[in-house]
Each structure stands twice: as C-alpha cells, then as structure tokens.
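For clarity, chains are labelled A, B, C, D and E in written order, and residue numbers in each chain start from 1.
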C-alpha cells in the first residue's frame, strides 16, 4: 500500500465520481451511482484491508499512514491526512453508507438525478476528507463542506416543511461548528504566541491545548464540545434532528443518521479527547450524565412517536448517547467500543431507514398508532427488518451489543449511576423498537381503516428481492460478523 | 525640489486615461462605445502598471503626502480590476435601463482615482480631498437615474450625511493639527514617538477622524445611510460603492487607526481606548447588520445590511492590526474576497428585470432553479461565500479576520462575530432556499440570462471558488505587503 | 467439537426451517408439518444423543472440577482479558442440557401433531429450534456475556413464539410484554456483569462464581443477578408476563414457559452459587421473594378458569419453590426441583395441550368435564403429572418438594415461617391442581354439542411424548439431586427426625388440599369468576405501562416541545424581534440618522472627556 | 488685561461648527441644510487657522484653501442634486424624501 | 482694551449670531444672507490672525462664488419665501438635537481650551512671515512645494464635480439616446 496514493485515492475517486455523474444520462444514473459506490467500497476495502484486518495495535500503528501536503504554506496550513485504526473505520463505513443511500428509489432518481448522484459523490468526498483530516482547519473545512450537499438534498427532494427543517439543521450545526472554529483559532494563536509558528496540525494543537490552564482550556473545550454535541447530537442540542430526519429524502436521512452523526463521534474521539483530557476528566460526571440522559430522553420521545421516521430519528439519538458514553469513559477500550458501536449503529440505522423506505414504497401513510400488519404480505422484507430491529435493540451477537456492552462496561467505573441510567435505555429501546416493528408488521391488516389495501405503488408491490435483498443480507451479515469478530475493532486496547 | 515621477506611474496612467477618455467622448458624442473602450483600456493599463511595479521600493513623495508602496499599488490594482469587472458586467444593465452615458464612465474613473489616491495619502488634508474626489462621483452616480425619485433621494441622503461627516473629519483633522502641529501621518507618527502620550486634543481629534471613516465604511453606529442609499442607487453603483468605495475607505481607516506608534508604552492606554471604540463599532455592526438582514425582503437592501456586517468583520481584522501590524493581510484578503463576491452579487442583481429599480425582492428569485440552474448555481456560490462556507473565498476571508482578531486578543468579540455569522447565514441561505425549494411565484421577475454580463459573474464565481480552495495563490502575494506607518 | 455440534444442531434446524418458511409463499400450500417437524425434531434428538454421550464422557472423566471445555474464538477483548466464545460442559450444565434436549425433543415431536393444521408450521419449528439453540448457549456458555447471549436469545425466541400468531394484536402485545419485562431483568444482568468484572477482573462464569468480592459488591452483584432471575423466571415483582405468555401455542408453553427457559434463573444462581451465597442479605432476599412468589402465585392459580393460566401460575409458584430453595442455600434442591418440575410440568402442559387440541381451542375448565373417557391416554398421563406436582410419593415431585421444604426448615438461612409458607403453598397447589383435574376429567361433560362431536384422542405423535414424560414424572425423583453443589454447608438446627416430619406434613398438606378441592368441585361445577385479588398486573399496567406513556407524553410536551423546541423558536423569535426593533430606527429621515450619529460621537467625546479610561484627567 | 489670543478662536470655531450641525439636523429645507454644511466647514476652517497661528505654522492656511475648493465643488454637486431631486419630486423638503426606509 | 480683542468679540458675535440666524430663519433667502454675514465676519477673524490670503479668499470664494450659487438655486427653485410645507421638526426632536449638539459643543470647547498653552511647533510667526515675503508668498511657495500633491488633486476634484454636475443637470433622457 503506497502511502500517499491510497490516501489521495480516497479523496480523488469520489470527486471524479461527482464529475462523471454530470455526463451520465438521466435514465442510468441510479445504476451508475450504485455501481460506482460499490466499486468505490470495494476499492476502499481493498486499499485499507491490511489496516482494517490487522491483528494488533502495534501492527496498526505501523500501518498508519500520514501524509502532509502543504496547502497554504504561507499560513502553515497543511492538508494533513491520516489513515489509522480510528479513521479507517469511518472511511469504510462512509463508502458503505453511500452504497446503501444510492440503492434507494424515489423522486431523486426522477427529478434531476444527475444532481443527486453528483451531490452524493461530493458528500462522499467531503466526509472522507473530514475523516482523514489530521489538521484542524482542514477538518473544519471538510466538516462544513458536508453541509452543502446535505442542504441541497433536503432542499430539492425533501418533503413538507423542508425549508424550515433544513434551516434549523444548518443553523444549529453551523452555530456549533463556528464556535469550534473560534476555538481552533484560539489554539492556533496560542501556538503562535508560544513561538512555534502558525500551525493547525493536530499534534501541535494537542501540545498547545495541554499547555492551557484549566479555565481557558475549559472554554476552548466548550467550543469543540458544542460543535460535536450538536452534530451527534446529545440531548439538549438535538432540536434540529427530528424535523430534518423526517422531511429529508430517504438517502439524505440515511446519510445523516448513519454517517453524519458519526462525524461528531469521530471529532470527539480524534480531536477532543486527546486535546482536552484534563477538562473531560474534571467534568466527566456531567458529560456522562448528558450522554445517559440522551439515551433515556430520546427513548422516551421515541416511545410515543407516531411517525416511523421520527421514531427512528429519536432512536438514533438514543443509541448515539451510548456511543458518547464510551467516548467520555476516557479509556482506550471505551473509545474502541464507541467506534464498534458507531459501526453497528451505522449499519443498523442505515438498514432500518432503508427498509422503512422500502415499506413506504409499498404503503403510504404509515402511522404507528395503528397496526398495519404488513409482515404477512412481505415476509422477507419484514424478516430482514426484524433482524435490523434486533440489532438496534442490541441483542447479543450483534455488533451493537458488543459495542453497548463494552461502552457501559468502561463507563461503569466512572459513574455507576449514569451507567445504570443509560442501561435503562436498553429496556426502553425494546419498548419502542418492538412497537415500531409490531405496528408496521404485525397485527391484523386493515383494522386501521386507512385504506391499507391497494394503495401500494405499482413499482413496489413485490416483496424484497434482487439487489436490495442482496444488499440487506450483506449488511446483516456484517452486523453479525462484527458482533462476533469484535477483535478487529478492539485491537487498540 | 525634484520630483521622481517613476513611482507614480500607475496613478499617472490612470490620470492620463481619465483625461484621454473624456476627450475621446467629447469628440465622439454620438456613441458611448469609445468611452467604454477607453475606460477599459485605462483601467487595464492601470492594473498592469500597478501590478508590474508591485515589487518596487516603497517611497513617499510630495513631502511625505503620498505613498507609493506595494500596499497602495495592490489596492490600485484591485480597484481597477473591480472597475473592469463592473464596466463589463453592468453595461447590459445600463443599456437596458437607458442609463448608458459616457458620464458614467468618467465618474467611475474619477471615483477609482479618488479611492486609489485616498489609500496612498499620507496627509489628512490630502486624504480629505481624495475622499471628496471619490465621494462626489459617488453621490452623483447614486443619483444617476435622474428620473427616479428613489435614486435622487439616495443621492441626496448620501450627500447630506457625507457632507456633514466630511466636516467632522475636517474638525478632527484640525484638532490633530492643533495637537501635533502637522497633518502628515508620518510627522504625526514621528511626533508620537517623542510626545510621551496623547493629549486630550489628540484623542478627540483621533476619535473624530475615525468616526468619519467609520461612516464611510458604514460601520455601526454610522451605518444608517447605507440601506437607504443602497436601495435607491442603481445596481451597478451600489456594487461600486460596496466594493471600490468600501475598499478605499477601509484601507485609509486602517491608516487612521495607526496614527500613533502603538507599540510605545506611553500610548498603551490610548490604544486600549481606541480598541474599545473599534470593538464597539465592530460588535454593533455585526449585531445590527445580521439581525436586520434577516428581516429584509429586498435583496439589495439586504446586501446593504450584509455589507454592514462585513464592515464589522473588517474591523475585526483591523483590531488585529493594532497589535500586529502585519495582520493588514487579513484586511486585504477580506477586501479582495468581499469585493469579488459583492461584484458577483450585484452583477447578478443587475440581471433581474424587476420593474423599476426598486431592486430584487425575495419573491423574484423563487423557483429560479427551474428557470435557470446556472444562475442558481452562481447565486449559491456567492451567497455561500458571503455566509463564509468553506471552499469559497468567503471562508478564508473570515478565517483571516478571525485569526487576526484573536491574535489581537479579541476572543469575546470573535465569539460574538461567530454567532452573528450564524444569524446572517440564515439570511444568505434563504434566497437560495427560495430558488431551490419554491415554485416560481407568478409575480417573480424575469431574469435576463442572455447578456454577456454573465462572463463577469462566471469569472467572479470561478475566482471565489478557486481562491476558496487554493488561497495560497492570493495569500502568497498579499502576505508580504507591509503596512507602512 | 461435540459440544459445538450439540449446540449448533438446533441452529442448523432453525436455518433450514427458516429458509423453508421464507421460501414458501404466504397463504399458499405450506410445507407439510411432518417434513419440517422431522427436521427440527431430528436436530433436537441429535443434540440429546450428543448430550448423553457427553454426559457419559463427563462421568468417566472423574476428578474435580469435572468439565469438558471447548473454546471457539475470542469474542470480546478487554485489555488483557479475553471473553472467549466457547462452551463448558460440567455437571450443572449437563443436567440442564439433558433436560433441554430431552424434554425439547419430546415437545418437538409432540408439536408435529399439535401444529399440523397451522400454515406457519415451518416458521414455528424454526423458532422452536432457535429457542433450543439459545437455551443451550445459556447453559453451556463459558462466560457471562455468552450466558447473556443465550439469556436474551431465549427471550427473543419466547417473544417470537408467544406472538407466533402475529395477526392477533393481543398475542403480539403479550409477547412484547414478556420481552420488555425480561429486559428489565436483563438490565440487572448487564449491570451485574459490570460489577463483577470491575470487582474481580474476569467474566468467566465459574471463575466469577467462585471469586471473593467485597461484601458490599457481592451483595450488589447478587441482587442484580437476582433481578435478572426475577425477570426470566417470573418471580415477584416481574412475574406478570408469564400468564400472558400462554398466548403462544401450548407446546411452547410446555417447553419455554414451564420446562426450560423460566428455570434459567435457577441455573444462573446455581452457576454463581458461591458468590451469591456469600452475601447473607442477597440470599435472604432470594428466599423471601421465592416463598412469597410461591404463595401468591398459588393463591392466584386458585381463581383462574383457563387451563393454561392455571398451569402458568402453577409454574410461577413452583419456580418460587425453587428460588426459596436457593434462598436457603439449598441450590441443589432447587436444581433437583427444576428437573422434576420440567418433567411433570411439561407433561401437564402437553396434556392440557392435548385436551385443547381435542376441544379445538376450548381452554375453560368449567366448560370441560368427563374427558376421562374420551381421552384415555391423556387422562392417565395427566394423572401422573397431577400426582407428581402434588408431591405424592413415589412421584418425582414428592422428592424434590419435600427436600425444599425440609431445607427451608433446617438450613441456617431457613426458618419456620419460610417452610410454613412453602407448606401452605403446597397445600394450595394440591387444591388448584385437583380443582383442575376434577373439573376437566371427572363429572359430567359440559362440552357444547359441536365439541362433543369433535372430541378425539390425540395422535400417537402427541401421546408418545406424554407417556415418556409420565414415566419421567414417576421415576424422575428416585435418584436424588443430579448435582452436588456442596460448597455451602447447611447447619442443622432441627432434630434428625425433622425430615420424617416434613415428609408427613407435606404429604398431608397435599392430601388435604386435594380432598378439599374434590369435595368442592365434584358437584359444584358452575363457572367461577376469574378473580385477581392482588391486582398486581393491573397495578403494573396503570403505573408502569401507562406511566411510561404518560411520562413519554409529558417529556414530549413539556421538555421537548416547550423547552428544547421552545428555546429554539424563542431564539429565532428574539433574533427576529431585535432585527425588527433595530429596523425601526431606519425611518428614512437622514436627519434622524445624523442625530444618532451625533449622539454617538458626543457620547465618545464625553467619555474621553470624563476620562473613563482612567487616565489623562482634564 | 485680557489680550486677544488665538485660542479664543477655537471657541467660536466649535460653536459655529455645532450650530451648523444643529441646523443640519433640525432644518427641513435641503438648501438650508446645504448652507449648514458650509457653516460646519467654516467652523473647521477657523480652527485650522487658529491652530496655525498658535503653532506658528503655515499649513493651516493651506488646508483652508483646499477646504474652500472642496466646499465649492461640494456645493456645486449638492445643489445639482437638489435640482435633480426637485425635478422629480417638486420639493426640497427633507421630510418628503423618505421613500427609502425600513 | 486691546483693539484686537474688541474686534474679535465683534466679529465672533456677529458670526455666532449670523449662523444662528442661518439656522433659525424660516426664509431660505434670509438664511442665505445671514450666511453671507457669517462669511464676512469670518474673513474678519482670519484677518485678525494675520491670515490675509485666507481672509481674501474667504470673501472671494464663499461670498462671491458659493453664496451666489446658493441664491441662484433658491431663486431657480422658487424657494425664496417661507413656505408652509417646510414644517419644522417636532419640539422633542429639536430639543434632543439641541441637547446633543450642545453637549458636543461643550465638550469640544472644553477640550479645545485645554490647548491654550500649546507649545508652538513652528517658527513662522508674523515677523518671520513678513521677513519671508509676506503671507501670500509663503503660502504660495508651500503650495507648490510641500502641498503640490493636494493642489494637483484638487484639479481632479473639480473635474469630478464638473462632470457630476453636468451629468445631473442634463436634460431628461431622450428615447433611444442610450445604448452603444
């Protein structure tokens, strides 16, 4: 594996994909997008395989690639890319989610599909750039660039109050990220004052951050924390999430819940934790409490959701609360577990949104207050959905269980109370996820009286089959494989 | 006394160009083309001569009243470049609105000369004259739609307030003269090193001159004229005011902010005082601009408030220069970036065939995506850049002023600015949202996409994107430009 | 490899049957029950044979501790400690494995007949096999996470099987209730693992069980584990799901909710026995809860009229006996009762299933009667089960129940009250079982005409398991407790003759209960209303069931809408308002602007004049 | 005995300046407003000369000359604007020119 | 009494009163003539400070050129009588304006008065100027040496003013006039 070539490959190929999508005829955009993203996934895995499946932390450290490209040399700004045992997971998941999102069907493949695939590939690029960045300014740039395709996707193909929701999404995220930018600048300036020159490279900023006093350090931390807490989101900062998840087109929802939220997780693990160990340890109880409250609070919201999409949106918050518990446990194993759980959540929630979209294609007007009883009509679809639900409630054997178990195990010594509170989310998770599944799949169809029969679109009357089924089975396989072969995630311990 | 004219070449080229252009248009009265062509030639020649001599040794001429340095040359180049963009970009508008007179070009050239000389002035009285050389054409141009009462109103408001503020500047200058015995910046600087601190007269004079230039760049609380004037003036003139006038005035404001030698400990308290003034002005500009911007329905008026916030960002950069004069680069980068995006926005605005010149209302952009995807894309580029989104020059512009200001220790102010950025981002993105998400309103204006003005917009957009991804291309040159005090 | 094969055979059956279920089109001709049932049953029977072989090998092994271990791979790595995915076959596991595979095979066989008319039979057998797979993981798992895998897995299978007829919303909800209440217990399990791991540094079940923890931690650990057990084994306070779980097919009730899954709590306690027993508070709690459950469930059983519900409460009550045994430190008595109970309760359920099958779904004991003649096999085998649960010698229940009551009396943790409660529960058991027995099989027939015409004895595929289980119920107790968990010494406080006394007393209690019931119900066959004297279920429904929804609504309305969203809306409104306020200055009058500018300048000049900055006073 | 001192001029200068400013704010006739601007400029001029005298320098005088030029040019343009405005609005009342406002 | 002081008082009183009249007279013509008075008294004040050239130009430029222009425009626009539509500002507004400008004036005067004891930075006292050839000569020499830049710049100022005024004063747009 040539160091720089594999890194630049991860960035240039999606960009090329975006450019090529301008040339592809309208009718074959979907095929192109799926084919392209699958190819990219394959190539990504191939390129990163040795790092992905290596055995030990030492080997991973040896295989980590860092490449520094002077970008604005006059400012000491570099495009520092780093592919190591942390970022590699997010990069692979990113490619995987793209496949899933491109495999959806809907208006985005009918109304300016070229724009959709172009934006999708651009998003792939921006996310990869963010996950690979080892320079804070570069990371910020990539992090913000992610908004642009997202805004357009929701704006063009969204439904209902898409404008209001996309604004709320954007403004809240922007609020957080720009405060992060101020924090970054502060650190850069502190570094310059201390005589090291302007640099926003992570290693330099870690040094700078550790040199700040506790009080200043806490303020700077706050800037970073807010950005990522909004992105993830943690509970008091989640106000943007529900509407935009619900009103966005399905691929955008998949992207947001499966991978954009991981941007926050990644940022916490990669940047915040190493820079602000002291601050986090000092306020660990507060942070853990936020994470635990997120778990329970979002679960309570999910219990009464009448829209399945909203329910999944809240469940996303709930699960990411577990992830953040792992991050705030401030242990190597906790961070590894957070990545493991992130991967699990990416797969499970991506899959759930994907399958929900499949259900919606077949029956409109899904409402969780009435039973739809669709499982009898679409047994394969609902069997796979049930498996995804099980992953989501983190049944042992899935990645989600291994992750959640380890996360709580590592958080326990820091705060038994909040671990127990978060644990209650396990129970509540069962309540709302089963409700989700039961109201859609089980019960007697037609009892709701909303014209359940015959409203299915002509395109989607059949059961899950073909490419979709292969994709879903593949993802399920990954969830199970990851659930048992956790060692590759946990080599960092 | 012998005068070496060689360092003056770019300015002389511009002066000569003005005269030639005027003569040509007098000779060929029946058509406007010669004026246009010669204006372009003049500006191009100025641009080239300014850029080609950038590396020349900085000198002061005319007894220290005029500075020919990299900074002033680059500024002149910037101003002429913007002039070229506007001449090309808005000629379609002028033709359509039946405003295509050679006077327009003469006034534009004189305005550019005024702005260019203002930046080069190292004497307060000279600056006052240069300011008027810049302002008089600006007043006139604002009222250039002579049959439009709004345009007239804009001009007269601009004039009345500008005249009053000119007098304030003059009083301030006289106070400084009274305190230091000179109106020459170099002399004042020299005096400051030996004076052991300011007296009351100096401090008041300083405040007065700075207040008057805060007016010129429309920083709060001297911003009131801007929305009205922007709304009433013809679109190209608004663009010219937003770019050329602002650039010239702001760079001179930077000079004014550096009247004494701040590093002298005797001036520390005066420095703190002035910092507070700038801080308040910057904070107020940001808050007022961004808060009011989101309430606006008229895009031109919205851009006025937007430019008030941009003055606030520029002041952030200026605050940085007080501690670290080399941070002038942040101001320069911001000016270049802001000018580019403003050019794009105003030329785009001139493409709308909204009835009258009341300007483009938000409703006019609805459904533009369907009608013209290319225009929508261009709009999005400029508005995203204004909002400071990455991959556009707008991001780097903010990057610089934030960093500069933080270097000056203004962390709280930068946080405020960051919050205002969020608020204003809403205003910038709303038009984009209307273009993309809404169906075209039946009353929406027709957008004229045929004209060659699009060349300018595309160029500006390309520059915005290119400099946003490869900022080194610009920064490498701007970084080494010192602020000679 | 043998253990792995043993465990994975049912999984294989699950996969095959699952594929068949998904492959066959809904509502078209379904695959024959014989085929899918045969696959499932053979898988289970294979496991049973393997279990016998392994048991023989284990006995041949000798030595202490006796165990055969198979590690497959490292599952979860925790620093230096690795949680392996692997199996351990020791005497405790062996006992449970034999019960699971043995009784499981019989119930699979029985199901072929019972489910032959159902279109979802392939799915049914898939779930059943899945359950057995998970149950085997539970009892054979080396480490606690592995046990937990099985623990949750059986809950899942239970959920699927309770809601097997998924078009009936009621049944689906019963499944959900079971799953969620189990999950409450599972939370205890999870937390217990955290406590245990951080106290001892291992998650190996045996190592953890034999570890020494600080008393406080040991108590916490024990209580949390017991919380897990109350969920899975339907003890107070989490027992209310079990009666509802009877919504599933009857063989499922026999296998999962009588013989195997619900006893996994006893398994877990026995597995972790030294550390659990090490904490007196924990053990007292277990004993108290067990006895209370035994009593309360027995009382409740007396007021039921649904044959399966009576058996369900009976199961809860019997599980209470087992926990009471554990709670006095007599873990091996508990395990002994698990085994005998597995035989006779499975038998009773299957017998009840046979009755229901014969009556095409009628489950009300007041609408039966006189079935002795029309269902002879069922009657005779059921009688064996009846005798066993009453504890009549020489049936198996006699030995195990007697032992529990005796231990409760004489153990250091036991007491007269405890054993008295258990004895009284035994009396009630005799009462309600005899009530059921008499009402179903004796007296005049109270069937409807249609049912009368339809009544038939079940096919052999169903009666053979009955007969085998009847044999086991008779002889299952003759060989004593299958395992010795003698690490905990029982201090004898009573005279040696106590054992005889207890024996006499318990048989007398059984007989009294039986005679009272017979006296009352041989003539009086009028329908009795179903009573719920404790209203526990309703209480839960009100407080927790609806409470969660209320809380959720409250959070949604107050916190989410008012605070979170309200804050955002408020911020937007404030920004908008301030924008509009500032706008009002923009009157369009240049002179107003000028005045404000002058004001600003005057302010700054006066500020300088007054020397606010603290220097240059005038 | 009080002798004449140049600094006394400063008082007059500032007074005239502020009177001009006041007039500019309160008068509604655009022409008078332009006159007020002239007053302000004159006030500033006076202080220039006064300071020049006090410092024994000549620069102040020169400044005044330039300011006069500027004032002339400015009033020419200003009056031109007033005329243009009068053509369209038929008024020189500053209260009538409030079309542009929020 | 020093005649210069007396002259100062006279001229300054006239100037202040005159400017008040500019502001307060309802009739623009009256304002204009008050302004002329102010300009004249300013010329006197300049003369008092031996700024002879400035005094002369004050009369020539202001009174002779600028004021004529004003009066001309007043006449042109028929604004030569107090018109009713020239509503005065509201009392509150006026009062507030007076307060602000008054405060500004107070502080500026106080500040200016602090500069009484200024130490001269130059040496061009009246005697020296006489020695060098008089006020006009000294100014002229300075104008074409040290202040050449400003001087040249004024040419473009005037150019701009001319072009601008012409542009404004041109007659209405003729159809078809525009366009290249």
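We take it that contacts are C-beta pairs under 8 Å (C-beta built on N, C-alpha and C of every residue); 3 or more make two chains touch, one makes a residue touch a chain.
Remember, it's a predicted structure, so these values are computed and weren't measured experimentally.
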| item | value |
| --- | --- |
| Chain E and chain D - chains in contact with each | B, C |
| C-E against A-B, pair bridged by the larger set of C-beta contacts | A-B |
| Most widely separated chain from chain C, with each centre as the mean of CA atoms | E |
| Distance from the mean Cα position of chain C to that of chain B, given in whole angstrom | 76 |
| Separation of chain C from chain D, taking each centre as the mean of its C-alpha atoms, in whole Å | 95 |
| Mean-CA-position distance for chain E and chain B (Å) | 30 |
| Distance between the centres, which are taken as Cα means, of chain D and chain A, whole angstrom | 65 |
| Chain E residues counted as touching two or more neighbouring chains | 89, 93, 97, 100-101, 104, 107-108, 111-112, 114-115, 118, 120-122, 147, 150, 154, 157, 160-161, 164-165, 168 |
| Contacts with 2+ other chains: residues of chain B | 125, 129, 132, 136, 139-140, 143, 146-147, 156-157, 160, 164, 168, 171, 175, 178, 181-182, 199-200, 204, 227-228, 292, 295 |
| Two or more partner chains touched - positions in chain C | 583, 586, 588, 590-592, 594-595, 598, 601, 605, 609, 618 |
| All chain pairs that touch each other | A-B, A-C, B-C, B-D, B-E, C-D, C-E, D-E |
| Complex interface listing, chain C residues touching chain D | 583-584, 586-591, 594-595, 598 |
| Of chain B, residues touching chain E in the complex | 1, 3, 15, 18, 22, 31-33, 36, 61-63, 65-66, 91, 94-95, 97-101, 103-104, 106-107, 110-111, 113-114, 117, 123, 125-126, 129-130, 132-133, 136-137, 139-140, 143-144, 146-147, 171, 175, 178-182, 199-201, 204 |
| Residues of chain B touching chain A in the complex | 369, 384, 388-391, 395, 399, 402-403, 406-407, 411, 414-415, 418-419, 421-422, 425-426, 429-430, 432-433, 436-438, 471-472, 475-476, 479 |
| Contact footprint of chain B on chain E as seen in their complex | 107-108, 111-112, 114-115, 118, 120-122, 145-150, 153-154, 156-157, 159-161, 163-168, 170, 172-173, 175, 177-180 |
| Of chain B, residues touching chain C in the complex | 156-157, 160-161, 164-165, 168, 197-200, 203-204, 207-208, 211, 215, 221-222, 224-225, 227-228, 269, 272-273, 276-277, 287-288, 291-295, 423 |
